[in-house]
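The structures come next, written out as structure tokens.
The same chain A turns up in both complexes below, where it pairs with chain B and then with chain C.
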Partner chain A sequence: MEGELGLWGIPLAIFAGAIRVSTPFLFVSLGECLTEKSGRINLGLEGTLIMGAMSGYAISYLSGSPWLGVLVAGMAGMLLGALHACICSLPRVNDIAVGIALMLFGTGLAFYLGKPFVQPKADILPAVEFGWWSDIPQVRAALQVNVLFIIGVILAPVILWFLRSTRWGLILRTVGDSADAARAMGYDVLWVRLVATVAGGFLAGIGGAFLSLFYPGSWNESLSSGQGLMAIALVIFARWNPMRCLWASLLFGGTAALGPALQSVGVTQGYYIFNAAPYVLTLAIMIATCSPRRNLAGAPGELSVTK
Partner chain B sequence: MASVETAAVPAGAGLGESLRRAAEAASVPLGSLVVAGLVFALFIWAVAGANPLEVYELMYTGGFGSWFSLQNTLQRAAPLILTALCTALPARLGLVIIGGEGALVLGGLAAAAMGLALHAASPLIVQLGMALAGMAVGAIWIALAGWLRQYRGVNETISSLLLTYIAIAILNQLVEGVMRDPASLNKPSTSHIGDANMIGLIPGTDVHWGLVFGVVACVASYVLMSHTTFGFAARMVGGNVRAARMSGLNVGLLTIVVCALGGAAAGLAGMVEVGAVHGRANGSLAIGYGYTGILVAFLARQNPLAIIPVAILLGGINASSGLLQRRLDLPNASVLVLQGIIFVLILAGETFYGRIRLFRRKEA
Partner chain C sequence: MTFDKKISRRLALGGIAAGALTTALPMRSAFAAKKVTIGFIYVGPRDDYGYNQAHAEGAAALKKMADVKIIEEEKVPETLAVEKSMESMINLDGASLIFPTSFGYFDPHMLKMAQKYPKVQFRHAAGMWDKAKHPANAGSYFGYIDECQYLSGIVAGHTSKSGKLGFVAAKPIPQVVRNINAFALGARSANPNATVQVVFTGDWSMPVKEAEATNNMIAQGIDVITCHVDSPKVVIETAERGGIMTCGYHANQSKLAPKGYLTGAEWNWSKVYTDFANQLQADKPLPNFVRGGLKDGFVKTSPYGALVGAEARKHADEVKAKMASTGVVIFKGPLKDNKGNEVIAPGKDYDQFDLWLEGMNWLTQGVIGSIS
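So, the complex of A and B:
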């Protein structure tokens, strides 16, 4: 039986994909969840993701420490988040448009600065082997879980608890639901949103570092194709609940693994179409969950994207 | 925020008032452009160690310095004009559509398919068929985003970008599958539509007719949006949806039609790329004209007439990237960085409208 899994390879590959591919989705969606809860949408996280991937890879290559790379990726994300927040703090500036601009800016900057790092091999992040009990190599490979994934899984309930049960979480939600109410209570709306956007950028940057430092584990210009954007759509699907972001990320990871999984068992027809499955799924989910008449349950009242 | 009222011209405003508004509309983006130029100069100087003056001089030479480079620039401006309309037209309704790249890709694919299907007919019929096919498919693609927005409440910005990724997947699937020309080895493509069926050049130049299509589309969009009841209705929806509904406008239909017009423009850009540049549909369609078009639209403040000069400016910047790479060894992406900086600062500049004393209306 070893190495010969036959059709069982498909669900296994999808399962492995769900764990592996979902991590960037998870980090970006958790970050975006925080930002959107403060009443602002940051569409620029796609650019942040790519910038995080590039800077994480570059720092890991230069310093030999992938964890330092992860940290720097997060900091690069914070800078882009701060830029977004500062520009959006100006009166009459549209947060969606700024997000598009930062998507293009982050991508361009990452391609520019990342040019020398396309060739060299950087040290990548270690994985925890959960597959020691199995003799089947595919199962072992599937259960190589990255530490960042575990951190993300722990982070989801922590953020949920933060939003629900802490004073800071309450302030954040107040700012997101009614800026006027928050202002009346004496909170600085722009400051809270700045902090929320910077935190969101930090998480998205780390998600990017996962792309370049673990899976696929290299840096090139086609590394991310819309994962950041899908993660933003996923937050809407998850109704701004961090735990649901986790489940949705796993679902997306599994869908994104569909194309490679089918290819691994010899189905090569329709490779590109299967690779487009996550986009189709995102769209289908948005169609199913949005409504033109009512606001979504759990939607922050100040959020422009749901109005 | 008392200064916001300047956004609407009060009835009976004189010539001075409209001049003042035109001066404001031109000077704020120009100011943003200048600041963006300074920021990029700083970036180039600090990161690449290049002399910014030399970079700008090369940009000018590469984009506008000679008749040859100017023609190259105009060639690149044509698809930018058309994809910019894909963002600018729906923007009048208050929609932010960023899916021009997808409409361009599918429009090009449809045009190639139509060109191959009709290849035996006379060139004019083939070209007409290609243009109609490209425009129709582009129109459907963006109208889909408008429909989803209107009847399903799906955010049009996100859906139009997702549709772009799906469009690129469809292109790759078809040119590597059923529509593949077996002779195209390195770069999977459809078969060539035939030299006789290519769109020619404007007499006396090396610029193809796509530029004329773009200019005509911009003028037509301007007339439609600013001098017809249809355009008035569309702008009313953009100004206040509820008021528009109250006065009996069919908001859903308007949204879909305007999105379809924008999509048709981007689809035509795809047709031009196939019919005038590549002769076949392949991955070269998705090289970012759609994304640069978004920037063009915002830089032109969604004004169809302003799109033409802005597209030529950005076409020139794009055209110079090869020269920058050869002479100064700057990466291709330096143009993307400049575009990103311009985009960010243009949006930041929005905040200055109505806040500069010189342009403020005199209080009576």
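So, the complex of A and C:
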């Protein structure tokens, strides 16, 4: 029968799901990667993600331009990032505690401001058709990729190059590994961390805009359901390496798609287990990679969790 | 109990004051309808295009009534949090009737509160109130929306080209299962070969999973999708973008899918809530167990979309007319579940009010899916 793929639908669905679901993970983890490389953890990115989703959707609805929405979402993320960095610049402030506070603040603010936008239907971002070569409608549907995903994929090696091979990247890493050394060299540690946190917030905000403006493409209060937090865990799993953030995001996207994919081809027993797959995967990898004998490889020395 | 003391003191003071006033001058308000405060608790946001919005619209109808004060709280999880919400409604706002609208509020939270506050009335949407087991000041109400799902199924069965229908469901609880089965039976009354593929997302609001489920079903050649989640917005919009047809749920979502929206099953809670409020104001005992379908005005269907053909309209309208007059038995024997076991013996009819149906834990023939 035409239009039927049967069991071949499963790998295709996981592949398609990986592309569709991974983008917010990717942006948040890249942003967090930058911030953590400067020696600070911003746990508030879950709030930033939701704030970005809300502001992006709201601006797209009010202005009719989804791209303007993406920009405003990024700017909202920058503001929250700047707030985090400024508070953490004060002496003896714990960045993790501030992050949790900002996560709740961002979430609450987005719910409060986003109330009038739950119902309206905003313009959403267009998809780019990469499946023109295929006759199979499922393949074509799977390859409807959003530009933001492509930007994210390009951004990962760019950030890696930035961190490894540029002077600014070196400054960032110095600040992250040893604040004293950076100070001795005459760099303003707080200023570098401010820039890194603001940049991280910008990326997380854009990740949020992807959620509300492309996939699933609608604003409501359970939109994120912890994706921002999972992305922060992803950074540790990816060992602060932007390229590994990309692979990890795709893996998480794929496992998130596993539950619905198996059920829709008729594998219906035990769907609770498949739905829990991303969390099981996180646990399994954490257990497999942690060791009491050695430090986390690649961890910035100034990070308060490793200090 | 400190609370009882407080109330009795307040009542006593009020009584003295009122007594003093009535002796001094004739009170006008004493003859007007009783002032009542009614509390509503929702599990999600009030404007979600879905379950909570349907209840909030019902509550909004009460706001127009004289001397009825409505207090609402949204996004209350199905945990101890709902008990705190109920206590604050009772102690701080003086609510005398509370509607906790979400499934998980009933047992144990609402039952516990009903025992603690015997003077307050509690009515739950969908809970299985049992006279022998549960307090007399508790109760439940629900609409047989599966009748509308059956009608949606008929329309979907006629309109689908592939004969493959999809159902995005939250949790495998009896109300959801009953909707799935009614949808499937309706579809198979129109097209005996129709199948209904079910995907359970695991919770009431999982936007990313709902979108994934919808996209995967489109990839499997399914061309009509309906759902039972808190907010059908994501499912309906994703299906519309994927170029397939949809049947709505909870409220009218035709605006979200101008092309593919066929029809939908909607609540009409304002009728139920107005009845309760009138009885409360008139000091009449509130019924403990309220159920009703199309005939009683508890539920309604969305107007047909452009893609619904003449044959489908005729078939659905006939059944609907019969439901509104004499009633239609949806679940009748012989009926097998999707594993081939007989669940309803030949000749056995379960009419809509039969409580056996409210414990449904099987999927009918033609449904592809599993509730475990």
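Throughout what follows, the second predicted complex is superposed on the first by the 296 of 307 C-alpha atoms of A that agree within 3 Å, B and C clash if a C-alpha of one lies under 4 Å from a C-alpha of the other, contacts with A are read in each partner's own complex, and residues count from 1 in each chain.
Definition applied: a contact is a pair of C-beta atoms (placed from the backbone, for glycine too) under 8 Å apart; a residue touches a chain by one contact, two chains touch by 3 or more.
All of these numbers come straight from a predicted model, not from anything done at the bench.
When both complexes are superposed on chain A, chain B and chain C clash.
Touch criterion met: A:256 reaches chain C, while chain B stays clear of it. Contacts of A:275 after superposition: both chain B and chain C are touched. When the two complexes are overlaid on their common chain A, residue A:141 makes contact with chain C while staying clear of chain B.
Judged by the touch definition given at the top, the superposed model places A:264 against chain C, while chain B stays out of reach.
Look at A:225: by the touch rule set out above, it reaches both chain B and chain C.
In the superposition on chain A, A:33 makes contact with neither chain B nor chain C. Contacts of A:12 after superposition: chain C is touched, whereas chain B is not reached. Using the contact criterion defined above for the overlaid structures, shared-chain residue A:119 touches chain C, although it does not reach chain B.
By the touch criterion defined above, A:235 lies against neither chain B nor chain C after alignment on the C-alpha atoms of chain A. In summary, superposing the two complexes on chain A brings one listed stretch of chain B into steric overlap with chain C, and the stretch in question is 272-280; the others among 254-262, 272-280 or 290-298 show no clashing C-alpha atoms.
Across the two superposed structures, the residue set of chain A contacted by chain B and also by chain C is 111, 115, 225, 270-272, 275.
Those residues of chain A that touch chain B in the shared complex are 43, 83, 87, 90-94, 96-98, 100-102, 104-109, 111-113, 115, 225-226, 229-230, 232-233, 236, 270-273, 275-276, 279-280, 282-283, 286-287, 290-293, 305-306. Per the touch definition, chain B reaches chain A in the complex via residues 1, 4, 47, 96, 98, 148, 150-155, 157-159, 161-163, 165-166, 169-170, 172-173, 176, 291, 294-295, 298, 331-341, 343-344, 346-348, 350-351, 353.
Chain contact summary for the complex, chain C toward chain A: residues 44-45, 47-49, 75, 162, 166, 197-202, 205-213, 215-222, 231, 233-234, 237-238, 241-242, 255-256, 368-370, 372. For chain A in complex with chain C, the touching residues are 1-5, 9, 12-13, 16-17, 20-21, 111, 115, 118-119, 121, 138, 141-142, 211, 215-218, 220-223, 225, 227, 256-257, 259-261, 263-266, 268-272, 275.
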